[in-house]
Structure formats: structure tokens, C-alpha cells
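Please find the structures below.
The following pair of complexes shares a single chain, chain A, combined with chain B in the former and chain C in the latter.
So, the complex of A and B:
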């Protein structure tokens, strides 16, 4: 394909909106990308400042910038936080449009398909954003349309789809976190929280207490992506229990919650068969922003877990 | 530009905690102010020792160092006027200790205010200075600016809550300042001097902070005023009435319109709304205080008096107040809200006149300004709504800012209540502190003989804030 020069064709219309961005930073509070690296260039505000730099000619386009801007899970938290009326995800999409086809285009957090692809086209069919196409015997991801939801990663039977930049949300990062918490900090439970639902933990700080917390909340990009091996991993590391939070029925645009329910139900059966209390794994459905609901679900779960005690006692 | 040895810094903090990419330099070169400049390198230390090593190197090479927390300062405090190292403290984000019996907590500087309060709440206590930006403001940045917020009228500003600090000085040495006790009369209170020094005296690496019990009852009242001056008089009368509000906020018509537009709060479009809160452990006492304030408002022409103990209702209004500054950008599609003449403090008796004066000065200079603020602590905020791409608007803004601070000085007010000085308020600050400037310059020299810590701010700042740095906007 012909490489075209970078122009701010789609971005131009956002100039005055970005003048109105007061750079307060309210948008970066819960951005999963920023939270993972804590580099401001990974924050929504940082993205807007880079885009303003491109628009004003104060910054030259680069692969680095394209990569930073193209790393977004479209969770929309930044849009919700901004009171200056900046619709950040629309601007991010337009930036991706302007980068597409230029020498700077990079996938960022969007998915790529590697050579192990068996061309079953399961991912093409399932992608809710119509971002995948089969062209000349290869699966091609449209970096503009792809919203890094990761469903393709899950559905691929050959494990040929991956996101190179997953910002701590992929299976191996989550597994690492699980092990560290349970082994080193003597934790009792893992709580899987969906980024689209509510996140009740600290935004950017950590507790350094004498007695470590009993549970750790790990954020993933969708309850539907929590496959059974990941849900079982905490038990292999002697966790007392696992709580999965996902969106209420009908709230998930790709039925990730339905999948999560199926996984959890199957694992509850499995625990029963193993003569373990099935309530050691539970699922709660939390509406977007329901801070109190999530916390009380966690408290209830932990209370029950503490009466059940550790796994090896049974 | 001086030579900077990036590998030396990489050795200290690790490859992944350093950047010289133009995009990072551009981002870390601005904050919530109108200013923009670029550091030479962004460095993210992870512990005290690394901060010490970085400072020792910078001091030896005379490289400027700008310490940065959330980068939400409104006057260019973290804009690296002379380049150098931007020291991003967000990795030092640990809450180290919560000591309920001794009523203090110890935190690293990158801890976010809201996080600290989340951690404190199970103990039934809270850290009160909390600025409106608490969701991203770090404790280090709050110390740098001596931040305060809606509850400071009763509980004080950051300086009142800082018991002790660990600070890395310009030469890399580490000092422990203050104590862990409520009172201290042992020598100079250098930790208090650090608060509000805007990163010009040292790098805070640990803070010991006091906290207060969360009151059992909080009641929020609201009154509408057809005349801004009447709201101003009501503020002075409330403060003289003997009650201590836990919050007393003024919101003027420009701000009301903006908040209504973004948040659908349905505030009445009058000239001013007063929000007042009382809190305490005994409901009767809170009732008494709310009733007293309500009575004062009524006597000054306040209408639509309402009050509520309901947490949800209060939270909704509170959020409106927290989002006021961003919301101002929605006042008109053609105008942007710029952080200029953003804060000041005046005596209570001058509140009404100040609010009126702000609107007069704005009209005279062909811009729109708003008046709001934590008036219970004498704090008045404004913002300039203007077309930032037009050169003539900057000239108008410059005149307006000068006129406002001239007025503030004439009524014996002060240039900054809480947002600090940085670059944009420096000329007003210098005019106000005329006879103590030399003393402050000498103090700064004692701490930082090579002037590497946040140079070009406060006493050291350019007289003309418009040309002191690039503006973050593109001006035709």
C-alpha cells in the first residue's frame, strides 16, 4: 500500500475544542493505560496535549506519538470525567485516522494477528467493531475501527491474535499479579473487576501497611475474557476465594457478562465436585459507577470467605 | 542548553523511568496554566535515595530541576522555564502509615489526595485541606502550593495539617523537619516554610500529616441572591455571626450558567448563589449553625433558602462545585476558560466589592470573568473567558489581571489564597511583597545557592507573564 504523508485532516476540526481543554487532568483519574505506566503521555490529557502539539505544529508526528495515541481501550472514562465537553475518544479516533496509512501508523493497543493464523475467520465474524478483514489470505486489523476490546484474542482457537501493548490487562500480566499477591503478601482473595463497571480501589496510590490487605482487585478489560484457567490460578496459589465482577444483564455490548457467568457457573460445579464450598467463587453484576454496590459486594464476599477459612482446612 | 548526561540519570532510575522523547517533553512542559516550555529530560524517581542522587548530580552540574506531582497547578508552577530536569514524583505513591492513636499519617509525595482520604475513611477520619482537584492532586503538589479547599474555612489549609516533612535539599542531602506532635516550639518551623514554596526550596520525599474526625452530621444550605453585592455582605455577616461554617462558597451568574450547562444541576440563574455547610457530632449544634447562616442570608435578601442532610443531594451539588473550573469552558462555544487572575484573598468586608469589581474590570477590558470561591476563607477565584487565539485578547487579559491585583492590594488583600504564584501571578506577588522580597531572595539563596530548584518562579519570575514562556495556545 502506498504510504501517504501525515496530515491533520480529521483532527483539524478539534482545534477549538482542545483550546477549551483546561488541562485539569480530571480525565486521567481512572484511565487503565495511564494507571499501568503512570507516564503522562499514556494519560488521556497527555494524548490531548500531543494532539494539540500536532495541530499547532509544535510537535512533529512520530511513531512514538502514534503508539501512545493508539493505545486506548475506549472505556470512555475520560469522556465521562471531562466537564469541558471534550469527547476524547472521538478525537483519539480521528488521530488514528490521520495516522492510518502514514509511515507512523502503529497498532498501539489494537490487536495483531500473527503467522499462526489458521484463517478460520472466527475473529472476523465476532468483532463487534467490524475491524477485522480477510485480505489476500491474511487477517488485517483496521487500527481506526479496532477498540482494543480483545474479543478476537479470546476467540482465536489458535492463539494467533494478540495485543502487543495490553497495559497489564492480558492473561500473563494478571497471572503475575495473582502470584505476587498471594505468595508474597499472603493475600486471601482475588477480585476481578471489569474496567467498564466500577473500580473502587485507589486510583494512583498504594498502601504500604504493616498488615497487607486481604484481597486484591485486578482490573481486566471484560468479565468475558476471564477464562477458566485464569479464574483457577488463584486457587492453585492457595487463595481462599475469587470474586468476579461484571456488568448487569444487557449492559455489555458483546455479552461478556454472559460468558463470565458461564465460566463461573462451571467452576462452581467443579468446586462442588472437588468437595469444596462453591461459594468460594462468586459473581456479582455491578452497574457502571456503582461504587457502594461493589464495595458492599466485596465486603459480603470477604465476610463469608473468612468464615470458610483457607482452602486446605476443608 | 547545558549538557545533560542522560546515561547518569538512567543509571539512577532505570531506563524505563526516563524520557527525552519530544512528545514527553512537550506534555511535561505544561500544566493547567496558560504557560508552556520544555524540560530537557523527564525523570521518575522511585525512592528517596534516587531523588538524592539526582539532586546531587543536578547541583554539581547546575541543571534546573522542576518537581512535578499531578501537574494541575494553575500558574505555571511546573512549567520548566529554563528547561532542565522534570522530576515526576508520581511513582513515590505509598501511604506509609496511618497512626490513629497519635493522629497522624505518613505518606510519600506522589500519593493522590482522594486516595489518602479513601484510606483514612475506615478510621473515621479525613485529611481536610482537599482542593477541588483532589482526584489528581498529589500531596507533594498540595504542599508545594499550600493548597486548600472548600472545607479550609473550618479546618485550615495544607500548612495547618503538615506536622513534619522529609526533604531532599538542592545539594542532595536529606533533612527531617518538624515533628510528629501537634505542637512544636523547637527552633525555626522550616517544614511550614516548605509549604507553599512551590518546589523552590527542596524536594519533599515524605510528609507527616494530621487528620480530623469525620463529623457525624453535615448539612448543606443554599441561598439565591438577585444582587451579587448582597451575597458578598451575607458572607461577611456569616463570618461575623459566631458560627464556623465547614464550607461557605460563592458561585456567580457566569459560573451558574456554566455548571448548569454541563451538569444539569438546575441552579437558579440569579446573580449569585451561596452554598453553606455546617458539620459536627451533635445534630442540634449543626441545626443551630445552619439556621443562623440561613437567617443571615435571609436578612441580606437571600431567597429560595433550602438545606439538606441527605448525603446524595450534597454530593451532587459538591460535584458541581468540583467541576466548576472545567465547566467554565462550556460557558460559550467561542470562549475558552483560561487560568488567569485565578485566585486572591480579600478581607470578608471586601468580598462583595471584589466580586463586583471583577465584573467591572472584565467589562472594561472586553472579556468575561467569573467570581466564585471558598469565600469563607476570604478566597475569591476568577477565570478569564476569552478567545485565546486572538492577540488583542491577551493584551486585554494582561490589563485585567494587573487591574484586579492592584485593586486587591488596595483593599489589603493578598495575591494568592491557594493556587500559588508560579509565573502568571509573579508580578502581582512582587508588588505586594515589595518590602520582604529581598529577605525571601536571601532565604532562597541559603537553601539553593545555585538556583536550580524551579528557577524562574516567584521572586525569580519574569515581570511580564505573557512573554515569560510560550503560551500553550496558538496565538494568531
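So, the complex of A and C:
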């Protein structure tokens, strides 16, 4: 493909909008990318400053900057939190458009396909954003269309789809968190929570509790990328139970909740076959921003789990 | 491609419950494409078996090779196989047998049921299209296989059971020969429907064998 020079063609229209960003930083605590690395340059504010630099000619484009800007899960929490009403994700998309096709284009948090790909086309067909295409014998991700939801990661039969920059959402990071937490004396359950809807609100609303909770909430970027082995991993580490929280029907932009429901239903059947109580794995659908609903679902789940007791594996 | 379905978990579990070290072996081609036996399914089965049989009772290992129906890919297992006393194969029936043939002292257990040769209609949705009969008549049947699609596998149809487009066995089952009629009519070669195809010789079936033109000498030398 022909390499084109970097121009701020799509970004130009945002010049005045960027001026209205007062750099308050309210977006910080809502951004899963920032929360994973704690780097200013990974925060939405940092991205806006870099884009401002590109527009004003004070920063030269680079793959490093492109990687930072292309690292976005489109949860839209920054837009909601912005005190100046800046639609940051639209600006990020236009920045990705300007980087696309240049020597600086990088995948960031978007999905890539490695050589284990069997060209089954499942990811092409299932991608809710039509971001994957089969071109010249290879699966190619459109870095602008891809919203890093991870549906392709779950569907790939050969584990050929991954993200270079996953910000804690990849299987090995999540497995590590699961193991570390469940090694603790009172670690009982893993809660998978979706970042798109309620989790950041939930997190920002509680202070560090005096007694650490019996459960750990892990951010998966969408219920649709919860692979079956990941959902079973806590049980292998002697967890008492697993709760999956995803969006209500029709609310998920990626239909990830449909996928999560299918997986959880299959695993409940599996637990029954194992003579384990199927209620050790449950799914709840929580409306956007309903942190009280989320907390009460967790409390109810934990109450039931404490009645069931520890997992008795032979 | 060859389409397969994973066996019920209990069946797999019972097959290997008497062993100590078991390799779960995936196949990266047809069964991977039909979401039944690629590395993802290997990982899922490994997690399930580890949970069900206890990590300490049986040690499970995992691997997925490109194709279990090619000896060069099976060769990759030559050193590793000694660590195991049984193998669960997630390949199709052909792959499983070739694996068992290469390592005759290892019990090999199938984790999938090989279903058919078919096509991919959507993610996870497959339909049978070919029975590998060895006498392809698609050229005169408008590209619709009567061996697969007709309940009687008629080479010369239709029969009296065709009923307004459906087959007598089930109204939801289209009559293959009705479809063939429509297709040939569409292509303006309806007269071909009255051609008589010689009967396929289904008697005394031996395992099929194909040697492509130009490779006869090579095969002779290897024998």
C-alpha cells in the first residue's frame, strides 16, 4: 500500500474545540487506559494535548504518539466526564484517520492477527464494527473502525487475534490478577465488570474499604471478550464463584452481552454436570451507570455464595 | 471443509479418567475453522478437564498442530509424546487415525464427532454439501448434489415422494431434485434432467485412495 504523508486533514476542524479543553483532568479517573498505566500521556487529557501539539505543529507525528492516541476502548466515559463538553472519542477517531496510511500508523489497542490465523473468517463476520477484512490472503484490521472491543479475540479458534497494547484486558494479565487475589485468605469470588457502562462510576464512588472485600472486580472491556477458560480460571484457583456483569439486552454496542450470556449459560450447564451448584456462576445485566444496582447484585451474589460455602474439589 | 462437533463433556471425561498424563491435541485446519478443535477449544477442554478431574490426579498437556492428517506435522510430537500415556485428539476422524497410526502404543481418544463435508453459512453455522461418493454428478445436476441432498441419494430423480418442493420425509426438507429442476431450467439446460447416470457401485467398498496424476512413480517407490 502507498504510504502517504501525515496531514491533520480530519483533525483541523477540532482546533477551536480543543481550545475549550481547560485541562481539568476530570477525565482521568474514568479512563481504563490511564488507570492501567497511570501515565499522563495515556489519559484522555494527555491525548488531547498531543493532538493539540500535532495541530499547532509543536509536536512532530511519531509512531509513539500514534500508539498512544490509538489506545482507546471507546467506553466514552471521558466524554461524559468532560467539564467542557468535548467529545474526545470523536477527536481520537479523527486523529486515527489522519495517522491511517502514514508511516506512523500503529495498532495501539486495536486488534492484530498473527500467523496462526486459519482464515476461518469468523472475526470478519462477527466484528460489530466491520473493522476486519480479508485482503490479499490476510486478515487486516481497520485501525479507525476498530473499537478494541475484543469480540474477535473471543471468537478466534486459533488464538491468532490479540492486541499489542491491552492495558490489562488480555487473558494473561487477568489470570495473574485472579491468582493473586484468590491466594489471599478471604478471596472468594471474581466479578467481571464491563467498563463501558458502570464500572468506573462504581470505582470512583467508593473509598478504600477497611476490610478488603471477599471479591475482586476485574475490568474486562466487554462481556463479549470473556472467553470460557477465563471464566473457569477462578474455579481452578479455588474461587467460590464467578459473577459476570454486562449491559442490558440491546444496550451493548458490540452485542457482547449476547456472547457473555451464551458462555455463562454453557458454563452453568457444565457446573451442573460437575455436580457443582450452577449458581456459583451467574450473570447480571446492569443498566448504564446503575452503580447501586451493581452493588446490590454483588451483595446478593456474595450472600448466596457464602451459603454455598467453598468449592469442594476432589 | 470437514465439519465436526465436540463430544459431550462426560463422554470425553470418562474416556481418559483412568490415565495419569494426557495430551489434548488440537488441529489447526478444518476443525479449527468450524470452531470445534482448534487451539481455543483445546484450551477450553483443558480447563474443563482440569477442573473436573483435579489437577493432581491427571496431568494435562496441550498442543495444537497445523494438521493431524499430515505426517510432517505429526512428527513434531515425536519427542513430546513420551511424556503422556494417552492422547485426546480434537481432529476429524482422519486426523485421529493418522495420529494413532504414528504412535501405535498410545491410546488415542476422539474429542469430536466428525460430522460431514460442508460449507460455512455464518459464524458457527455449517451445512452438509458432499458425501464424498467418488462419482461426482454435479455437472448435470446444476451444482446441487443429489447424493447429499436427496433422502434416497438418487442419481436419477426425482421419485414419487417429491411434494411441491418438499421431500416426503419432512416438509421442511427441500426435494433435491425439485431444486435441480429449477436450477437447470434457470440455466436453460433442463433437457439434461432426463439423462441417465449409471448407478454408483456402493458394493464391496474399500477405503478410498487417490493418487494425483504425475505422482504414481513417487508412490510406487515409497511402497
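Heads up, the rule we're going with is that the second predicted complex is superposed on the first by the 295 of 314 C-alpha atoms of A that agree within 3 Å, B and C clash if a C-alpha of one lies under 4 Å from a C-alpha of the other, contacts with A are read in each partner's own complex, and residues count from 1 in each chain.
The rule is simple: a residue touches a chain if its C-beta (ideal position, glycine included) is under 8 Å from a C-beta of that chain, and two chains touch if they have at least 3 such contacts.
What you see is a predicted model, and the numbers here were worked out from it, not measured in a lab.
In the superposition on chain A, contact of A:41 is made with chain B only, not with chain C.
In the superposition on chain A, contact is made by A:116 with chain C only, not with chain B.
In the superposed model, more residues of chain A are touched by B than by the other of chain B and chain C.
Shared-chain residue A:80: touches no atom of chain B or chain C.
In the superposition on chain A, A:156 makes contact with chain C only, not with chain B. Look at A:23: by the touch rule set out above, it reaches chain B but stays clear of chain C.
Touch criterion met: A:65 reaches chain B, while chain C stays clear of it.
Interface residues of chain A, counted against chain C in their complex, comprise 116, 118-122, 125-126, 155-159, 227-229, 232-233, 235-236, 270, 273-274, 313-314. The part of chain B that touches chain A in the complex is made up of residues 19, 21-24, 26-28, 30-32, 44, 70-72, 88, 90-91, 93-98, 107, 110-112, 114-116, 118-119, 133, 135-136, 262-263, 323, 325-330, 333, 336-339, 388-389, 472-474. Listed in rising order, the residues of chain C touching chain A in the complex are 9-10, 28-29, 32-35, 38-41, 43-44, 46-48, 50-52, 54-55, 57, 64, 120, 122-124. Residues of chain A touching chain B in their complex: 16, 19-26, 28-29, 38-41, 46, 49-50, 52-53, 56, 58-60, 62, 64-65, 68, 82-85, 202-209.
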